[in-house]
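Here the chain labels run A, B, C, D and E in written order, and each chain numbers its own residues starting at 1.
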Amino acid sequence: MIDWSGYLGLILQGAVVTVELTVMGSALALVMAFAAGLGRLSRFWAVRALATTYIEFFRGTSIFVQLFWAYFVLPFMGITLTPLQAGVLALGLNVGAYGAEVVRGAVQSIGREQYEACVALNLGRWQAMRHVILPQAFLLMLPTFGNNAIELLKATAVVSLISLTDMTFQAQVVRAQTGNTLVPFTTILILYFAIACVISYGMRALERRMARGLDGVRS
Amino acid sequence: DDSKLEQLKAQGFARIAIANEPPFTAVGADGKVSGAAPDVAREVFKRLGVADVVASISEYGAMIPGLQAGRHDAVTAGLFMKPERCAAVAYSEPVLCDAEAFLLKKGNPKGFQSYADIAKDPSGTIGAPGGGTEEKLALEAGVPRDRVIVVPDGQSGLKMLQDGRIDAYSLPVLSINDLVKKANDPSLEVVAPVVGAPVYCDGAAFKKGDEALRDAFDVELAKLKESGEFAKIIEPYGFSAKAAMSTTREKLCAAK
Amino acid sequence: MSQPIIKIDGITKSFGSFKVLDGLSLEVKPAEKLALIGPSGSGKTTILRILMTLESIDGGHIQIDGEHLYHMERNGQLLPADERHLARMRQKIGMVFQLFNLFPHKSVIENVTLAPMLTKGVKKADAEKRAMELLDMVGMADKAKSMPAQLSGGQKQRVAIARALALSPKIMLFDEVTSALDPELVEEVLNVMRKLAAETDMTMLLVTHEMGFAHDFADRVLFFDRGKIVEEGKPDDIFRHPKQERTQAFLRKIIAAGHRV
Amino acid sequence: MSQPIIKIDGITKSFGSFKVLDGLSLEVKPAEKLALIGPSGSGKTTILRILMTLESIDGGHIQIDGEHLYHMERNGQLLPADERHLARMRQKIGMVFQLFNLFPHKSVIENVTLAPMLTKGVKKADAEKRAMELLDMVGMADKAKSMPAQLSGGQKQRVAIARALALSPKIMLFDEVTSALDPELVEEVLNVMRKLAAETDMTMLLVTHEMGFAHDFADRVLFFDRGKIVEEGKPDDIFRHPKQERTQAFLRKIIAAGHRV
Amino acid sequence: MEWDWDFVWQIMPTLIQGVKITILATLLGSVLAAVVGLGIALARRSPNKLLSRPVGFLAEFIRGTPLLVQLYFIFYVLPDIGITLSPMVAGVIGLGLHYGTYTAEVYRAGIDNVPRGQWEAAKACNLSARQTWTQIILPQALPPMIPALANYFIAMFKETPLLSAITVLELMNQAKSVANSSYRYVEPITMVGVFFLVISLISVFALRWLERRYGRIG
């Protein structure tokens, strides 16, 4: 008789790793998204070029290649990361590149008249960005950020490539040990969906909170 | 120099890579790693003064790059010794030996006994792990690339055979036996050993440059074999201690 | 005659190959109330935007209060203005927009206090005290805590006026501040502006299609066409006895469309 | 007196919990020209949209030309109308929108010919001949091949009028057809509508804030407030001697805002 | 580890084999995703709740779970109920279904982006529902969708390495196989990266052109 409760426990351990990866990867992605997204709008040519290179590189190559590099090639350059660090790095940088375009798009979609009002009130560039543009743009970014976080969640399934015992990997282990395919894979499908639902519910709640009294921003 | 060993002693554990392939390795429902390869490694390292091993399950393809990148201190995963591999890593003396087997449909409808048989049948397809010995043997026997299906893991291979997607699935004998046992499927048949395929043995693989550690490992491994402990560890899993003791790294690495 | 507070000297401005302003010159006296009228596309908005430094100029000079706006004097030479110079000059000028441009994520009072606190380092308590005075003046004190989305167009525009006044500019620019409002809401905004015109000695430039209001409000009316001042004079002269053919045609059309003059 | 072409009988309409129309009744005679005026939100647009079947009603009855609009008679019973019945009734009604709603991917002439060809099976050549007559009438014949994006607002609105006329409806509905236009472009559209009013015997319902035009155009003016007709009468009576307090207040505001009455 | 150019040239033909499979899978997957997406979008708009609700839930489910796991399901679990697909077919179906849930959103946005006034004008012109869709709504809704759709096809292209899990010999799988038998990893994997980057950059330029040509939606 197969000890299912034990093996489901294994899958749950994998779920913890998956959630860790998702949370930390999202945090890194958020930082990169703002850095690169605002970088692309910079006045300085060099900053723009740097941000564009980062974005195009990470959007252009596949996450598989990036993971492999972070884990197996970086050590040759003297940087040895734990599997979790490598996973977070690759996922965060990859999703951050997509998020950067969201940041840029949202900032640019704030009407020109808001910038003009800032000039007329004599606010400096950074003041205008900090107090007027970003607070409005952030609200526009939220839904897409939610989608990006779910994309990141799904991408964690490929980290088994670098020996991280995430949920999909544990399902593979259970499958090899028990010879049963249906149970482990159905379990993780449901778990992935549950986590995705939590993310999108949380994002919508945050959006509602921030949008209070603000119909003007989201048209 | 033994600085590597000293370092492992100091930190109290060695990191080893293992495969997700019973009975070379097994993962209990409690998550505990056992199986022939890690058990031997654990015992030898203990005798070397390294209290514990931390095992991480790894894809076959990721093992050697992981070793080279310094992610594991050793690979104990049924990675059979072959001349090219001996050039890429530093092997210990042999630990687990096994021959190759085919898993086939009942009655072996196409009559496959060797890799060459598959090469001769223009519609014959064979499944094997990517980068594994079996893939290489099949290709060397003349099976064209598009008839060698790269299968990610044993259960997938089994499933593909059951679903009629491949005609044969090749793994070491004990792995195939374990699969068949778990599948409990009377419509399958095993051909073991495959005709003309050599017997292979694996060893613990170390990074090039860690030969000192490897040599220390060999010393303790030899003692283990002599004491009969070795047989006690691996025979419950179905492996033969005699096979491992009757050959040497030198022979296996030189074999063509 | 006192020194002009605004002195525009032969400025030109093109968008692409289209010349919007072509050697325009104009002097405005302190405390003067000017109305700019003229057909769509004649460059009225462009003039205000240039004074607010929202557009740059291609040629010519502008002086505000005796100082160059787009140039700085350094060792007797005129150099293009840098951001610091522009920021200093902008302190003298405020602008109210057709579409209000309130900050939708800030409450009414935050809209008014934001700039004084950030650009002049005014303390929060002081900024709020002054903001309440201004909101009171435009009749919006009771909505200080509201968000812009909760206000009608006329209320938004009154807040926008208070916000511009909070920086105490010497010059105020108004660009069609009522044309996006429902007809019934126009009057409340015009009332605020009448009061402003009567009570302060700010210099005011007003672009409008409300000929009736331009007539009552302005000391002087400028009629623009194709980037040039075609005719100027006292409101009565321009509206009752326009001399130029183009002014007459324009006023005829406006009247026909149902607007009172 | 001839039979009314529109007979509205006690209709109600709510959006959520907000009652926009509350038991409204109205009769319109064939060829009559009606102007609907009143404050923002009073339900003027809603009435037109209900007649065009763009909104449904919650209660009451509407008859067009003696036939029920939202109901069908079957064996002496009144059933809710199905899509076929609605489609047949819509043939009698045309509508011109505030924002024109031209089809941006079709040229001017295609905009005008599309509906007759698709809904009445008119041949292309015939549809185009008639379209050119209509475009000529609204002064747009020379722009027949243009795309809507190349037209000014006033031109767009004239095309929209031609498009609605192409189906030869008995009733035309106009919802603030000039309020999105630049003041100078208003007149060209109003001229077309004057011509239309004079030359055809279509029934016309017009919602407008242009009191001057309403006065000249309409046989009868209805003053709406909060979903009710508060006052109705000849233009002269309504505009010069309004009886109701609410009508007087409304007109005062409009006049103060600079509109001619 | 040294970079070895000779080795790179040696493995190039194998990798190019993989690229061909990758591109083929992407093209077929794109066609399927375009069709599936339209189906989902229309079903979700349907007034029939028995159709729109389940389809909506299914689409959300597919979108919230990893493609890798879905591929395992299609390839290894479906045969249990008698559906045995070849690796390529299973891969294309997986890609098509997964990305169909994305393209469905594009279709929805494109249709919603047609102003309400257009629906109303169509009604005032007395056009039928079918005429409204074919003559008024879709001609306006489709062109702006093209860049957004193309965007997803590029994303799909970059996810094809997942097909190696179901034994499709696409680029990544070929590279891993080469690497495993030669014990040289850096060159094959880096070359895979280069291939992806080059094809993506070309697609990005194509995309920019599409955006200029057709505009874009939200």
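Note that a residue touches a chain if its C-beta (ideal position, glycine included) is under 8 Å from a C-beta of that chain, and two chains touch if they have at least 3 such contacts.
All figures in this text were calculated on a predicted structure; none of them were measured in a lab.
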(request) Would you pick out the chains that touch chain A and also touch chain E? (result) B
(request) Give the chains in contact with both chain C and chain E, ordered by label. (result) A, D
(request) Give the label of the chain whose average Cα location is farthest from that of chain E. (result) C
(message) With centres defined by CA atoms only, which chain is the most remote from chain A?
(response) D
(request) Let me have the rounded angstrom distance from the C-alpha centre of chain B over to the C-alpha centre of chain C, please. (result) 82
(message) As a quick test, compute the distance in whole Å between the mean CA positions of chain B and chain E.
(response) 38
(request) Round to the nearest whole Å and give the separation of the Cα centres of chain D and chain E. (result) 47
(message) Taking the mean of the C-alpha atoms as each chain's centre, how many Å separate chain A from chain C?
(response) 46
(message) Can you pull out the residues of chain E that are in contact with at least two other chains?
(response) 1, 76, 185
(message) Give the residues of chain A touching no fewer than two other chains, as numbers and ranges.
(response) 72-73, 76, 181
(request) Let me know each pair of chains that touch one another. (result) A-B, A-C, A-E, B-E, C-D, D-E
(message) Considering only the defined contacts, which chain C positions touch chain D in the complex?
(response) 39-40, 178, 182-184, 186-187, 190, 209-213, 253-260
(message) Show me the residue ranges of chain A that touch chain B in the complex, using the header's touch definition.
(response) 2-3, 5-7, 9-10, 13, 71-73, 75-76, 80, 83, 160-163, 165, 169, 172-173, 175-179, 181
(request) Give every residue of chain B touching chain A within the complex, in rising order. (result) 17, 20-22, 26-31, 56-59, 62, 65-66, 68-71, 153-155, 158-159, 179, 182-183
(message) Residue numbers of chain D touching chain E in their complex, please.
(response) 52-54, 83, 87, 90-91, 93-95, 97, 99, 101-105, 114-115, 118-119, 163-164, 167
(message) Applying the document's contact rule, which stretches of chain B touch chain E when the two form their complex?
(response) 60-61, 64-65, 68, 84-85, 87-88, 127, 130-132, 135-136, 145-146, 149-152, 155-156, 159-160, 162-165
